[in-house]
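Letters A, B and C mark the chains in the order given here, with residues in each chain numbered from 1 onward.
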Amino acid sequence: MERPRHQGMAKNTYMRWRLPLVCLLWEVAMIVLFGVFVRFGPEADAHWEEEKRELNLTSDMENDFYFRYPSFQDVHVMIFVGFGFLMTFLKRYGFGAVGFNFLLAAFGIQWALLMQGWFHSFKNGKILIGVENLINADFCVGSVCIAFGAILGKTSPIQLLVMTLFQVTLFSVNEYILLNLLHVKDAGGSMTIHTFGAYFGLTVTRILYRPNLEQSKDKQGSVYHSDLFAMIGTLYLWMYWPSFNSAISEHGDAQHRSAINTYCSLAACVLTTMAFSSMLQKKGKLDMVHIQNATLAGGVAVGTSAEMMLTPYGSLIVGSISGIVSTVGYVYFTPFLESRLHIQDTCGIHNLHAMPGLIGGIVGAITAAAATEDVYGKEGFIKAFDFTGVYQTRTPSVQGGFQAAGIVVSLLMAFVGGAIVGGILKLPIWGDAAAENCFEDEVYWEVPEDEESDVYHMHNPDKPASP
Amino acid sequence: MERPRHQGMAKNTYMRWRLPLVCLLWEVAMIVLFGVFVRFGPEADAHWEEEKRELNLTSDMENDFYFRYPSFQDVHVMIFVGFGFLMTFLKRYGFGAVGFNFLLAAFGIQWALLMQGWFHSFKNGKILIGVENLINADFCVGSVCIAFGAILGKTSPIQLLVMTLFQVTLFSVNEYILLNLLHVKDAGGSMTIHTFGAYFGLTVTRILYRPNLEQSKDKQGSVYHSDLFAMIGTLYLWMYWPSFNSAISEHGDAQHRSAINTYCSLAACVLTTMAFSSMLQKKGKLDMVHIQNATLAGGVAVGTSAEMMLTPYGSLIVGSISGIVSTVGYVYFTPFLESRLHIQDTCGIHNLHAMPGLIGGIVGAITAAAATEDVYGKEGFIKAFDFTGVYQTRTPSVQGGFQAAGIVVSLLMAFVGGAIVGGILKLPIWGDAAAENCFEDEVYWEVPEDEESDVYHMHNPDKPASP
Amino acid sequence: MERPRHQGMAKNTYMRWRLPLVCLLWEVAMIVLFGVFVRFGPEADAHWEEEKRELNLTSDMENDFYFRYPSFQDVHVMIFVGFGFLMTFLKRYGFGAVGFNFLLAAFGIQWALLMQGWFHSFKNGKILIGVENLINADFCVGSVCIAFGAILGKTSPIQLLVMTLFQVTLFSVNEYILLNLLHVKDAGGSMTIHTFGAYFGLTVTRILYRPNLEQSKDKQGSVYHSDLFAMIGTLYLWMYWPSFNSAISEHGDAQHRSAINTYCSLAACVLTTMAFSSMLQKKGKLDMVHIQNATLAGGVAVGTSAEMMLTPYGSLIVGSISGIVSTVGYVYFTPFLESRLHIQDTCGIHNLHAMPGLIGGIVGAITAAAATEDVYGKEGFIKAFDFTGVYQTRTPSVQGGFQAAGIVVSLLMAFVGGAIVGGILKLPIWGDAAAENCFEDEVYWEVPEDEESDVYHMHNPDKPASP
């Protein structure tokens, strides 16, 4: 059968010079900027022996590396395997999901080391990096991976790189406002990573609205094994989320507590997700989309409060609620957003990151506002909220207010930033595919021509359909 | 071709109200119980600074979090990805394998935190939890994942949740008897996790015997890629087993030794498994079922003794034997159990967990009985077997006797408990599928309707077979 | 269609007695040798309490286990999942890729514990092992996994075991020459693991040249999902490479620095790989082969220098270059090597390990030669290069010279050793498959007979082609 050539076919998705140019130029820029600015922090520098003596440390174990490196590796897996494979659920976009996620994250962490370094690790004209910077860079890129979920299958790799460049920049500014100006706590990034990342991505996909996307509707689904690949992503995100939320918390009890709270929240979230997935389907069958995504909402929703004294049962409550909200979102909100608001959200990040992120910000504000010296202990109270220096007199309720302000700022940054970046990405120079070629790896990838997948191949008149 | 409607088809597998009800009610129960009982232990509580001072600890590094968190994460991966993916080998039960394992484990860890907490971490009316509790909860759920292996594909998610509820309870009682009353060592759980879990599951599947299971025989096999998915599970179990067996051992040499012994045992096990897999096949070809499972027997079989002075060569011997026993089991015992004893053991847990678990218990008893102050050093001897307080005068041979008693108790608990729970699961209210629909995801899951897998779809007269 | 029987079909690939014999005999040999030689090192032995007192250690945290175990587990994942799944890209050799890698690595680590133990951990007639020995054994086996990449799909499991036996032996000798005699630094193994392993494997595959390999050309490609399986391997190698390069570095700053340098190098490598993959393809499309492999070259190329003061921007430069070299290698060198030099390199290890390994050796030599007390600090300088004892007077430039000599020695060992071992493997007794059955699991594995993959099945006259 001859498929008629759609006009959209005319879109130029030829990457041969554009993609290499962007990749190479930007990498050169990274090298130059790293050369000028980036050096090893004192715990990674060969002068560590002298540093140890100065700080009166008796053991190499006191090097921050040993406090954080295991968590770093878990976070690293979440960003590259977790997000990468979570998005492989599409039947013909597995290469793009894993591969473009790989590309944008690899660029993003370099740029994030610089941006976050200028804001947080700048000393005597140099950015001094250590393992905590690596974690923060991964975190920052996490917000880009989230936004990628909204536009998955509809953008060219160049668009993704451009988005990464801007989003990392905006992320760092927003993070600086929250952490440094508002003095807000957000170790697991409910606000800085999830709320910001998700609403940024949703705004971008709104701007990039494609009215004819139903032309590739047949490719927007999954196949049996692609759903299993996606479960690899889901499980690694789920299992390592306790590391995510505790990775940059204070040494000792805060890291410990953070992991426990997240563990509890995620466990509860699985049960309510399963319950609502079954309940909202006519025949009571479970939907892989919910299991792959909504089970993770519990991790997002304690991102701010996990290091606080949320308590295990508080975590169960938050996790339970977020699983419900997220699953309901997939069933009712996503179609609504698409049909009414023209927000085409491929992975449903509104349900997995946006709403749970907001819940996380709010729970964080409430938990902070409810903090008492009795619950935390005198020292613990000051340490938990860093009520020192100019913040010495800040009360929990004021802190709660600032936490709430952090949500608003993150939303504003996301909407304004997303609109601008969406506008930039709309320029017809980035090589995105036509509507009928969305969700199709063959546009940007050499795809093996095997018998099994022949049925999916785009029409190619030069090649006989059956050998 | 019209497939005749089997009578079994009449079985009601409609989950829409039952599954949500169970999930939600139980989660509410968890929240209430956690609210009443569960609090942060001193190392996760914000009062940690004061605790540190009291205990004269100079560094946050002394927080148990840093001794155990990396091992915890490895164990976590084993439970969710390891067991989950190991069971994806069936061609059409990948969703159920990964998804139901996810569900039961997420519920199980909450209930285990409570049950084990009441027995082991109860102080002043509260259960005080820390990272070690999380590991133990994962361990406890591990025994449920094992039992799941026996009934894989033949039970509804509600049955699995009911089984989890009871099995976690029984596990905790059995564990209490072994560790506290018999003062038995079993850090890697050869007895408490594997022997108990496997014989419990085998008893349950015996009670749930399905005489017409050959009706779904065509779905009991694997396909090429499902075998590769299963290898993900296998390898993560294999690689992280040293963490499993060392996760709750004493700080220092015991954790270290445990990891080394397990590493050695598993390495040897791979070679004997490959040898017997080839030897027992007419054409000398390797069988993926053996590679996926029997290679892990070496981890099970040193579960009790790994933290003792088993020595690396002792580990090689134990690993070698268990690989042989397990592979032989797959070839000869599993068919025998099914045809003669009516034990339908989907994953062959008898070969992977039951027999190696027994070996583990026995090896543990022998190793304990053979312990001498010369080998362990005076302090090491007391520390290794915790011969303090009322156990101050216990001799190694007496300890060996108690270890052996631990095996017997675990077996009894498994048989009696399994029979009762099996009886409960046999009630016709839980929504299990008819024999001809076993090993088929479509009963409980929305399955993508893709060309590739069309051939597997259950007959549906409303849907034309070829589009 | 009846496929004519090729003469090669006559090759005897029957493994039933040969494989079990080799596996079992060798495992018995391991048990005997471990029994005679291997004991727990002081940090894993039950005498640790006394050891602690003697060394004046106040905390169990000072046990090397806690410095290295998380890195060990990451390395372990790289060897078994990383290499194993990286090689599953072939459409019909997934079982062989994962399974044979599993087999050879499981044997190899045992033999490596002995070989490396005799050279490096031998005290009073015993090899005393601890976590560092486990890491080194994994490292050693890594070089075998690399060589396996060159001959993937063309050798029998017995050949692989024979190669492992010899290669581990040669590796240990080469490592001893480099580390002990030349006093060379190579913590991440650019020379000892990658250069040696790759050129060894390339020499072996040259000796085993198969002139008729195009008979199985149709099986040398990938299918859609096999490429995704391979990406699991790629990503785990990529993510955990910072652990690989830092796993056995000195405690403290060296481990920390090593991880940061590797992280940076790998990030840059992804961008240049993507750039050149697109640039070198006529239509500008990305090639999965490059993404799966060349993105890892950055880890190889800083294997020697990562623990030195390479600096983050230095790492970016090295990573960028190695990504380019590796991708160019896949496009131009691999075909050249095959057609002109008769080197059939299945996975392209020349591009991923050989050339980047050489780069790594050279960069290491330069970085060492350029070291100054100013950059490292007085103590750091001595510690970094271990300029103590007889090496007290060695200067950086001399060290650079010795580093360069290390490259040459590794190459010589690889060529000579590879030629000899290749000759041994060429003997017609090992059961390798005929050319037209290469890259085909069915030769050595029971392969499930499923509808999906029917098209791939080897011709079998007893079985009707379509059911």
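FYI, contacts are C-beta pairs under 8 Å (C-beta built on N, C-alpha and C of every residue); 3 or more make two chains touch, one makes a residue touch a chain.
In UniProt terms, the chains line up like this: A, B, C = RHCG protein.
Since this is a predicted model, take the numbers as computed values, not measurements.
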item	value
Shared chain contacts [chain A (RHCG protein) and chain B (RHCG protein), defined touch]	C
Interface residue overlap between copies chain A (RHCG protein) and chain C (RHCG protein), same or different (over half shared)	different
Centre-of-Cα separation between chain C (RHCG protein) and chain A (RHCG protein), whole angstrom	32
In chain B (RHCG protein), residues with contacts to at least two other chains	59, 61, 66, 70, 225, 232, 452-453
Residues of chain C (RHCG protein) touching chain A (RHCG protein) in the complex	59, 61-62, 66-67, 70-71, 74, 91, 221-225, 227-228, 231-232, 235-236, 238-240, 242-243, 251-257, 259-260, 263-264, 266-272, 274-276, 278-279, 281-288, 291, 295, 309, 311-313, 316-317, 320, 375-377, 379-381, 383-384, 452-453, 455
Interface residues, chain B (RHCG protein) side, partner chain A (RHCG protein) - complex	14-17, 19-21, 23-24, 26-27, 30-31, 34-35, 38-40, 43-50, 52, 59-61, 63-66, 69-70, 73, 76-77, 80-81, 84-85, 88, 92, 94-95, 98-99, 102-103, 106-107, 109-110, 113, 129-131, 134, 157, 225, 229, 232, 444-448, 450-453
